[in-house]
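Questions regarding the structure given below will be posed in turn.
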């Protein structure tokens, strides 16, 4: 097995349909571009992105807050059970070459902050805008293009 | 030894003189109000706040990113070496009853985000304003008043 | 991508040739039995096991102590950078359905201890014998047989 | 507040009366010798040691597995809530200059292993004997003497 470079996808564990569709597209495009997807392994944006990547035959990695692989969403191929709650957000960011944020709340914000702190390229798809280093995009196509440019 | 309730102080590892003065005042007032201070244990805002608390005879706890207690600033009384880098930010927030942010950059932002995610009261002293749950203040007096009101 | 159940392989980062051969066989057999392999992602036993699994077309997951995926051995397919040093040992054990220890030193011992504490089945291939719950075996064939029996 | 050098005390969360008495004595002697005590913050050996140190006017630090300071035993003066379960064992060891193990089970074993791996001096008071680097003692007096000799 060759090393899969991983792109991170971050966003809320619950989301509306439009956000879900965006996340699905992003996941699908990550797989089609030959990258693996790493995320927090739970529902909402994470599940939709994993479903997209999975349906395109891609690798999906879930870095879970809980202490059991069984808590991963059904489209996570590799479930890593950290048992360390939200501190696992730092592990997602460290393991990704670049990250796409899709909307999101405080959990996503902590991950955006870790990207800024660690110098990991971060693309915001209708997500946070609070720093000029965050690349703003409006579509999944743009998100992939910008993220791949920075890897 | 009776349990010391802890107030968190977050902010950058490097800061200008005005910020340092603010952090010193906040630390001093935390100790005078009978609370312990918990922070990241390094320089800048963290060191100034610890110095303030320490000079007022207070307890200061540093949750360090490194794997050695020796990396704490000289005003940390209890040095906890996590060896887990920036993921230690979650431990600072979990250990505090409430938190005061003093200016700050991306590291501080991740801590503010953890406060919002975990429901820990967070007061911003010239720091982030991005959520209505963050209580905005302009002086160290107000910061203490607001933080103690929420404990 | 369907969820891969993971078997853990633990052992030293440096080892002699016989141990390396054992680790290679164990890795190979894990992949041939349809399981993924999770380990600490570094050299010695970890690298030999990943090489075995990788050559048999299997999935290999490395839970790294460092903060960069680049520190993984060349046979790690999915590199998770925890940035938390030896505390990452707990994540390896939590992510595995069962674990095979191959010789090993203090790092391996901490992982064996976590298996005992968390109730994860642990097979010792010429490794620690200190608890009756540790299943003692002498060959890679026996190790796989015993580990799969307990999953 | 001057930095308190910390001595670690490790052992089970439940224990018999004799072990409790030993742990109490060890805690008391740590405080009388001018050191702070760091432990896992829960019951059994940890609570007895904290009680001893606390009654002698000493500093007690509890590095908790849970996400709330409220889970500490009543004799913990400084409660650090890691939210990372048993992986917090590594933090206890990193924060201590030297460690005393008092009997104990698998959790204690993981901490002994971390001592061996990190080179932290470890004294076994009727606890594990599996490595020549572990200093074997039979009384709390000897434990303190040996531990202080190695700091």
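Chains: A, B, C and D, in written order; residue numbering restarts at 1 for each.
As a convention for this text, a residue touches a chain if its C-beta (ideal position, glycine included) is under 8 Å from a C-beta of that chain, and two chains touch if they have at least 3 such contacts.
Everything numeric in this text was worked out from a predicted model, so none of it was measured.
Two chain pairs, A-B and B-C, are weighed by contacting C-beta pairs, with A-B ahead. Centre to centre, using the average C-alpha position, chain A and chain B are separated by 30 Å. Spacing of chain B relative to chain C, judged by their CA centroids, is 40 angstrom. The multi-chain contact residues of chain A, meaning those touching 2 or more other chains, are 67, 82-87, 90-91, 118. Chain contacts in this assembly form a complete graph, since each chain touches every other chain.
Chain contact summary for the complex, chain D toward chain A: residues 67, 82-87. Chain C contributes residues 1-4, 6, 36, 38, 53-54, 57-61, 63, 67-69, 72, 74-84, 90-91, 94-95, 118 to its touches with chain A in the complex. Listing the residues of chain C that touch chain D in their complex gives 84-91, 105-107, 109-110, 112-114, 116-118, 130-131.
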